[in-house]
Each structure stands twice: as C-alpha cells, then as structure tokens.
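For reference, the structure discussed in these notes is given below.
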Amino acid sequence: MKKRDILTPVGITLGTIMIMFGILSSGGASGVQSFIQVSSIVIILGGLVAALIINFNISEIKLTFRVFKETFQQNDSNLRELITLFIRLSERARREGLLALESELEEVGDPFIRKGILLAVDGIEPEVIQDIMDAEIAALEERHQRGRSIIEKAGEYAPAWGMIGTLISLVLMLNSLTDPTTLGPKMAVALLTTFYGTVMANLVFIPMAGKLENKTEQEVFIKQIIIEGVIGVQSGQNPKILEEKLSAFLSEEEKQESQEEEAYVGEAANEA
Amino acid sequence: MKKRDILTPVGITLGTIMIMFGILSSGGASGVQSFIQVSSIVIILGGLVAALIINFNISEIKLTFRVFKETFQQNDSNLRELITLFIRLSERARREGLLALESELEEVGDPFIRKGILLAVDGIEPEVIQDIMDAEIAALEERHQRGRSIIEKAGEYAPAWGMIGTLISLVLMLNSLTDPTTLGPKMAVALLTTFYGTVMANLVFIPMAGKLENKTEQEVFIKQIIIEGVIGVQSGQNPKILEEKLSAFLSEEEKQESQEEEAYVGEAANEA
Amino acid sequence: MKKRDILTPVGITLGTIMIMFGILSSGGASGVQSFIQVSSIVIILGGLVAALIINFNISEIKLTFRVFKETFQQNDSNLRELITLFIRLSERARREGLLALESELEEVGDPFIRKGILLAVDGIEPEVIQDIMDAEIAALEERHQRGRSIIEKAGEYAPAWGMIGTLISLVLMLNSLTDPTTLGPKMAVALLTTFYGTVMANLVFIPMAGKLENKTEQEVFIKQIIIEGVIGVQSGQNPKILEEKLSAFLSEEEKQESQEEEAYVGEAANEA
Amino acid sequence: MKKRDILTPVGITLGTIMIMFGILSSGGASGVQSFIQVSSIVIILGGLVAALIINFNISEIKLTFRVFKETFQQNDSNLRELITLFIRLSERARREGLLALESELEEVGDPFIRKGILLAVDGIEPEVIQDIMDAEIAALEERHQRGRSIIEKAGEYAPAWGMIGTLISLVLMLNSLTDPTTLGPKMAVALLTTFYGTVMANLVFIPMAGKLENKTEQEVFIKQIIIEGVIGVQSGQNPKILEEKLSAFLSEEEKQESQEEEAYVGEAANEA
Amino acid sequence: MKKRDILTPVGITLGTIMIMFGILSSGGASGVQSFIQVSSIVIILGGLVAALIINFNISEIKLTFRVFKETFQQNDSNLRELITLFIRLSERARREGLLALESELEEVGDPFIRKGILLAVDGIEPEVIQDIMDAEIAALEERHQRGRSIIEKAGEYAPAWGMIGTLISLVLMLNSLTDPTTLGPKMAVALLTTFYGTVMANLVFIPMAGKLENKTEQEVFIKQIIIEGVIGVQSGQNPKILEEKLSAFLSEEEKQESQEEEAYVGEAANEA
C-alpha cells in the first residue's frame, strides 16, 4: 500500500535551489560563503535539539525518525476499488452466509479490512466490532499526532532559537562598537541564525508537519469507510443501499468515472 | 446552479489598481520599475511552490486548480423556492402517496434533492436516508476543506518566504557595506520580497480562502435544509409544520418577502 | 425592543478626540496637516475593499450595512419580566388549558415568544416545538456570524494593507535616497498607512465586531430562556419548578431585586 | 466563603517596584521624570476606554467593576469538608428519609447546596434537579465570562493603542527632522505609549483575566461536586459509593490527609 | 512506576552550552561578562513573578513546585504487560468468579487498577465503576492542567517582561543621547532583558509545559485502557474479544513484538 512520495524530496530540492539562486543572483559565488557560518549552525541546531529533548521523552523522540521517513512515502488507496470490494462481500454474505467470507480473506491485503471481516465471520456483534475498530482509529490518530507534534514543535523552536542566536551576536556587536566599518559584516552574521531558523521552519518542519497531518486525515477517512463497509456486510444490509452509503464519500469526478460499474452493480443488487 | 462570480476578478483588479496608484502617486512612472525585480519574484514563487509541494500530495495539488476556479463561480440558490418545492412535494405525497413524487423528479435540477427523493420513493427508512445524505455532506466538507487548505497554507508561506528573500538580500548587503550611497537601493530590493509576499497573501490567498470557506458553509446550510425537507416529505409530516420548520432558516427580510405565498400555503395546508 | 445604543458613537468620538489631542499636544495645529494624505487613505481603503470583495459575495456584503447599523442599536430585554410572563402563562394554562393562552397573545410583543405560544396552542408536541425554535436560533446565529465576519475580516485586512502601503513608500524612498534631509518627511508619509490601518482596526472594526458578538450571545441567551419557558408552559410544568429553572439564569443581583415578586409568585404557585 | 486575596495587590506592587528599580538603577532619580508624560497617559487610557465603550454595552461595563473587585477576593472552599457533609447527609437521608434533611439546612451556609437540598426535600425528580442546577452553573459561567472578557479585551487594546500613540509621535518627529540632536528625546517620548500599553497589559489586564478564569473554573468544579452530591443523596445512593465518587475529585495529597476520616466513614457506611 | 527522566537536565545543559558556545565563539571570554547584568535579571524575574502572583492563587503556586519536579521524572508503563494482566484477570474471573480476583490484588502495584478491581469485586455495577473512574481521570486532567498552566503562562510573560525591560532601557538611553559613542553598549544592555526573556521561554518554560502536556496525555491514555480492562473483566467479556479491544491501542511494532504471547493467549481463550 505504500510507495515512494517523490514530492517531499522534490520540494526540498526546489526550495534549496531557490535560496541558492537568490544568493547567487545578487551576491555571486562569493556571496555563498557569507551564508556558511559553522558556529551559527551549531547554535541553532543545538538549541533546537535541547528544546526538543526537554519537550519530549525518549519513546516519542524515537517515533520521530519513523515519522520523518513517512513523509517520503505515499499511501496508495483506491476508494472505488474499496467500495466494489465491499459490495462483492455484501452480496456473497447475503447469498452464502458470513462464513463464506473466510475464503475471500486471502485476496484482501489491508490488515484493517481483514481484521474487520474476521470479527464479522467470528459472529461478534456489530456494536463490539465498531468499538474495536474505532479504538484502533483513535489509537492511530493518537500515535500519528504524537509523532507529528515533534516536527510541529521544531517548526516553532527553530525561529525562536534563530532569534536567540541573533540577539547574542547583536549584544556582542553593540558592546564593541568601536569601528563602524565592521558593523555591516557583524550585523550580517547576526542575521544568519534568524535566516537559518526561518528556512528550517518554512522549508522543512512546517510543510512536513502539514503533510503528516494530511496523511493522517486521509488514513482515518479511509478507515472510517472500511468500518461502515464491514458493519454493512455483517448486518446483511442491502448491497444497493450499502453502495449508496459508501458512494457518498466519493467526489463528483470519482462518481462519474465509475458510472458503468454502478450500472452493473445496480443490476446485481436488484437480483439479490 | 453556477454563474460567474464577478466579485473575485473585480476585487483583484481593484487591489492591483490601488497598488499601482500608490506607486505612481508618489514614485511616478519610473517608480514602477523599482517594483519589478525578476529574481525576487522567482525566489518567492519558487519557495512558495516548494513548501506547498512538500505539504501536500499530488491529488490534493490537482484539487487546487478546481478549487481556484470555484472562486470565480457563484452558487445561485433561492431558499424561498426551495421551501415552496418541499411544501408542494409534501402535499402531493400526502394526497397521492410517495410514489407520485417520481413524476416530479424531472423538474428538479439539483442532484442532491433528486437523490433524496429517489431514496424516499424507494421506501428506504428515514434514518437510513439521513445517514446517506449526512455522509454526503461530511464528504463534501472534507473535500472542500482539503482544497481550501492549500490556499490557506499559501497565505501563510507567502509572507514567510518574503521574509526569507529579504533576509538573503540583507545579509549580502551588510557584508558588502563599503559604499553607503548604495545602501538605499539595495535595501529597497531587499524589501521587495516582503512586499510581494504580503500582497500575495492579503490580495489573493487569504481572501480566496475566505471566499471558499463561505461557499462551503452556504452549500452545507442549503443541503441541511434539503435533508430536513426530504425527511419531512418522507415521514408524511404536516405541510404547515414542515413550512414552520424550514422557514426558521429564513432571515426576517426573506420572511416578509414571502408573506403572500405563506398565506396561500397556509390555506392549502389547512385543506390537507 | 430596540433603542439607540449611544455607546458606539460616543466611543468613536472619544477615540477620535484622543488621536486629535495626541497630535495637537505634541505637533500643534500644523501637525494635523501631516496626518492627512489623500493618496494614503485611497490606498488603504481601496485595498481593504478589494480584499473584502474577493472574500465575500454580494448578499453577504449587503448584510454588512444592516449589521453596521445594528452596532448603533441596543436590545432592551428585561429578564425578570420575561420570567414573570412565563409564570403567568404557565398558571393560566394549568387553570384554563393551553387554548386560553390565545387571548394573551395580543400583549406579547416579541415575535419569537408569539411563535412559540402559537405552536403550543396549536397542539404541536414539545419535541417539534423545540426543533423549530432551535432551528430559528441556529439560523439567527448563522446570519449574525456571517454579517459579523466581514467586520472581523476588515479588522485583519486593515493593518495588512497599512503595511503594504508603508512598504510601497519605503521601497520608493530608499530607491531615491540622494538627499538625506528629505528622509524624515518621506518616512513619516510611509508610516501613515500603517497608522491608518491600526486606528481603523482598533477603533472601528475590532470593537464593532466585539459588540456584535456580544449582542448575538445575549440574544441567543434570551431566546434559550424563551424556549425553556414555552416548553414548560406547554408540558404543564408546575409554575414553581418552572420559576426555579428560569431563575437559574438570573445573576445574584437580579435575584435579590425580585425577591418580593418571588414571594408572591411562590404563593400563587402553591395555590395552583 | 470569601476572604481577601492578598496576592493581587502584592503582585501589582512587586511589578511596580521592579519597574521603578529598572528605571532608577540605570537612569537615576532624574530618569523617573522621563517616564511621566501626561499627554501619553491620556492618549492610551482614552483610546483604551473608547475601544471598550464601543465593544461592550452599559450593563457589561457595570459588570467590570464588580469583576475587578473579585480579583482581590479569594474563594475559601474545603473539598474534604464538602465530601464529609454529603456523606453525613446521605447517611441521615437513608436512615430517616429525605425530609429529615430540612433540619440540617440551618448549618449549611452555601446557597447552592441549600437550593439543591431544598429541591431534594421537595421531592423533585433527580433529572429536574440536575437540569435546574446545571442551568445555574451555565448562567454563572456565562456571567463570569462576560465580565472577564472586558479585562481580556483591555489586555488586547492596551498594546494596540500604545502602538497608535507611538506612531503619532513618530510621524510628527520625522516631519520636523531638522535638528538631529533632538531626535533622541523625541524618540523616547514616542516609545512611552508602547511602554505604558505593554505594562498595563502584562502587569494588570492579562494576569487579572487569568486569575478570573481560574476562579471561574474552580467555582464550577466545586459546584459540579455539589450537584453530584445532591443527586447521590436524593437517589439514596450507598454512602460508601458516594464517597468513592466524590473522592475521585481529590488529589493524592488531599486523599492521604483524610485517611483517618475515611476509615471512620467506611465503617459508618458498612453499618448503614 | 516513576524513574528519573534524564532528558530534562540533559536538554537544559545542552541549551546552556550552546548559548555559552555562541557567546565564546564570537565574543571570547570577555564577551561572557556583557551577558551578566544583575539589574536586568532582577527586573525580568521580578516582573515574571509579579505577573504570576496576580494570575494564580496560593494553592496553584504551590502546585507548581510539585509539577516542576515532575518534568524530571518519567512514567514507566508497559502497555503489553497491562494487556496481559487484564487477560489473566479476565480468564480467572470467568473460571472462578470475580471474588477470586481479590487474591491477585497483592501483585498489582498501580493504585488505579487496584481501585477498579476492588470496585468490581465489591459487585458495583459497570456504569457506576465507569463513572467513578472517569471522574478520577477528569480530576487528574484538571489538576495537571492547572499545574501546567503556570509554566505555560510563565512562557508568555517572560518575553513580555523582557520587552518591558528593553523599553525602559531604550527610553533612558534615548533621553541622554549626548555622546553617540556610548550608544552601542547601552543598546546592548537594553537588549539583554529581551534575550533573557526569550531564552527562559524557549529553553525552560515552553519545553517544560510541552513535556507536562505529553505526560498528562500518556497517563490519561493508559488510565483509559485500564478502565476498558476493568469493565471487560467485570462484565465477564470473552478474553479473546477483550484482547482484541485492548490490543487496538498498541502500535504495529508493539503488536509484532507480542505475537508469540498472542498465540498463547488465543489458545487459552479458546479453551475458556
């Protein structure tokens, strides 16, 4: 279900090119040098890590690496296929009973759907199935939210520590204000940590946290359709009504794309 | 149901004229030149696109174009007509049965109303109809919210990348602070990306996201009245009570405009 | 039920006097001149209108004028009178039946109370009455919120366009930085749009949006007491219990003011 | 139940001393003078009052004075005593019937508890008691929130009007920039309103609004325990279970402090 | 259940080293001196304490010290062990009755689990158990939130008082602007309180408040699983279903780690 999400590396590369272009176009090759200041990078990265280490515990910090990797992966779900699957399961269950679904399980890859069908085959009541599967969604949201929150916090601490770095340089510079000609370059160095902090926040942390939030929403959305489907199959709901219910989640475009199928399914449902 | 929304292009044009007027009135024709700086435009647009590409996935980015187009369209719904329609349907259903509504379907343009009436004619129970139609509203809100969120995020990233552009120019400028007479023009260039970012956010992205949010709210509002109406028709509710219920959604002005009709409808309902 | 709210014009006048005083006390009569700059006013007003035109549709913009007028009006509701009214209605309904309330209707000015009593007299069940009247409150909140949101947005766009105006002037000024003696007055002009934007936001838009929000809350609060009262009357609730319920909404002061009445009402209720 | 809250005057005094210390330590006695500028004080106070007058209506503004006074008072509630009271009432009600509680009423000072017990003695059903007492809490929250919101808004308007005052001075100063030596003192005066606004917000308005919010939360918390207790007493709940329920609201410390009592109460409950 | 959380002191030490490194790398040993200014430290700490003293009452301020200590402690809960415990309890209760659980109590360390099992053994109904334990969670959240809110507020007041200190120094400096050569060092001193405030907020208060929030969420999460478990045990739920329900709270990794156990438990459950 996962494939590489090429947009994240493309975006970071594009943003870096833009910044390089900005520097080169008005500062030339020598301008690049003035943006590389090891001590400034150490301060902002160190300060950021310090704040995050205090803010989170070890298991949450471990979560971050997994979560970071996820922004380079993409979920690959086809809503229409999902609906077709549940209509097929629903028809079969009405014809041959819930136990017949056991043989369909081999074709189902998604563990969440498998779990739901297994519970239905086991004869667990719909309310209990709903409870168990809702708990799984709630736990998934909780876990994702926790992993994401480190990246969100990093997006807040980065500009703050950029400002701390700039204040340090400013205080030192103002204290030794003997030679006004050195004012400019010193001021430039002072601004560097602010620059690093802003870039880190707006090119890496905030967009990544945004992507993770979108991914969580999408996963939850699909899992909710699956619950709706499992409950419908288990309670022997009319396949036509089940399809009406599940199709409500499709956009207008997706609905039009699947008109032929729908016509077919409608007939099948009428027969049943 | 859609007509061109002339306000969006008018607003953007007006805002652009205001900015031109501001430049020309104090800077003259030569002043316009100093606001066109290709490299600054490239940095801010590139950075904005980079952040958005990381923040969203491909299907969401495709959504943006559709959503962007929507800000130039306007929904054209008449609440009063809607209420009259449901009162007529309600009276007919009470006189001739729900099946008689099938012949009315041809005159109904809105697919959401059609769907509701079809479900009622099919004899589906009210709770199931409510479920199906609520799911459709929820999915519509989800889709709109997702499309809108790109524009909202663009309104946040634009000023941030404007600031990044300004910081780049400032650092370069301060590093080569040999000739104070060139300070002014360099500083002016540095401010340009901040200017671009602020204008993009406050003339394009934030107002457009606002318009999209208002449109979603309005569509949901009307769809909720439709559900209320379909359920009322299906459950054979007294047309007078149904009208009381639906009229509650009208403002005082709309109520007064429709007093004559109401008088007529009241009589009709008493007869029934 | 509406009387002029004198506080809004008094507040705007006071704020304007304060600003004039601030200018005159340190700048003298000649200082006033430097705050009147037609082109700056045009830019900020034009930009503000442009953003609002994009953000809202025509019917919402029409709403603004009505809503603006409302900040100069005041609701005039007496909670204690309201409670007394419902206790009287409740006692009469218990003695003479709900139909007897029809004769009381002439004395009731508020259309919302009239509607509730009419529904009760018509024999509609309590749940339906609650539904209809809740829908009216929800629609009122929706309408008010929509009207208010333009003023709120104006409070956000005004400072943003003030900053855009200042950036335009700054860029032009820095580009023609030949004569340092003209720097001061040019900088002063640049700051004017920021000044206009901040004053417009903090003297007009934000306080007005605040007043509208308070008015909506208060209206909804009173309408909820009315629903509680209508339902109590209709379901033949003991007037003493009804009074206990409705009095819960009064503050300690209001309760003490009405102690004599309460004593009387208590007796009346015991008789019933 | 109210005693003087000494923390509010202590805090304001301490904050004022800190500011005086800051001024004296680097500016000496003559420095104090430069912070007293009558016209600046007039502008910021006048502007603040103007904004608040527009934002609120007369009855809300009257509320402020009462609310202001409350920040100098402290609620004096003992959770453990409250629980002991309800266990005693519960035991007595189970032994001698609800009517026997009437004789306990004289010892109960809190009007909210009295009201609850009176309703229970009157034989009102638990759901109605819950309704009435919940309505009282909701009205209390509403009233407190309204009073607090003026102080909160003052904390937002104060810095904004400080900025307006500074902008006025800056524009005037820049316009008459003939003698650079007067630049410093004029700039100092310009910053004064910003200083006043920030101090007013962070020493008076924001902390006071915070204290009021905490007080409301605490009052609501205690009133909810009281409702729980009254309902338990009225429905003849086992005193041991009632104690378990109410003790859940205590912290670990409070629980340990009351272990001996608990032992006693446990026995008493077992006898019952 | 508590062990030392080493991350908090490590983070604060790391952040301090970074700041020292930043100062030493560009200012040398003499630069450190210019960051130590007793009067600035007094102003910002005094102002911060003043604002907090007004904002909170004595019992809340006492809570802070306990809460502060908590950021140096770590909860040590093993979700998998918890689930195994409840499955064991559930099986035993089904075989030997709820009373048999009393002998298991000695092995259970957590007072919240003990309380739940004791209530179950006492034969209290599930709804009442749920009520009592939910109330305990709600009270825990309330208490934690109150303790945390002081640290959160400190993170807001610290930068604000840093700005007040800077404004005091700026006004004094600008008033005595006779010798431009002293401008630099005076400006440096003025910036110090801003520096202190920003560091205190971003190295101490905001990260600590974040850690406390995470700890509360985690504790509540675990307590909710415990309630789910106690209710399941008490209502004699099938151990297999109970395990399905509780396992939903595990992440994918935790599930895989416990596959062998699950196999065993599954068999045991089938026997039951």
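For clarity, chains are labelled A, B, C, D and E in written order, and residue numbers in each chain start from 1.
We take it that a residue touches a chain if its C-beta (ideal position, glycine included) is under 8 Å from a C-beta of that chain, and two chains touch if they have at least 3 such contacts.
These numbers were taken from a predicted model, which means no experiment stands behind them.
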Report summary line: Touching chain B and chain D alike are C
Report task. With one step meaning two chains touch, work out the least steps from chain A to chain E. Result -> 1
Requested in this report: Round to the nearest whole Å and give the separation of the Cα centres of chain C and chain D.
Outcome: 25
Report task. Report, in whole Å, the distance between the mean C-alpha point of chain A and the mean C-alpha point of chain C. Result -> 40
Report task. Can you check the complex and tell me which residues of chain D touch chain E? Result -> 5, 7-8, 10-12, 14-15, 17-19, 21-23, 25-27, 31, 34-35, 71, 74, 181, 183-185, 187-188, 191-192, 194-195, 198-199, 201-204, 206-208, 210-211, 214-215, 217, 221, 228, 241, 244-245, 248-251
Query raised in the report: Where on chain C does chain B make contact in their complex?
Result: 39, 42-43, 46-47, 49-58, 60, 119, 124, 128, 131-133, 135-136, 139, 142-143, 146, 149, 153, 156-157, 160-161, 163-165, 167-177, 189
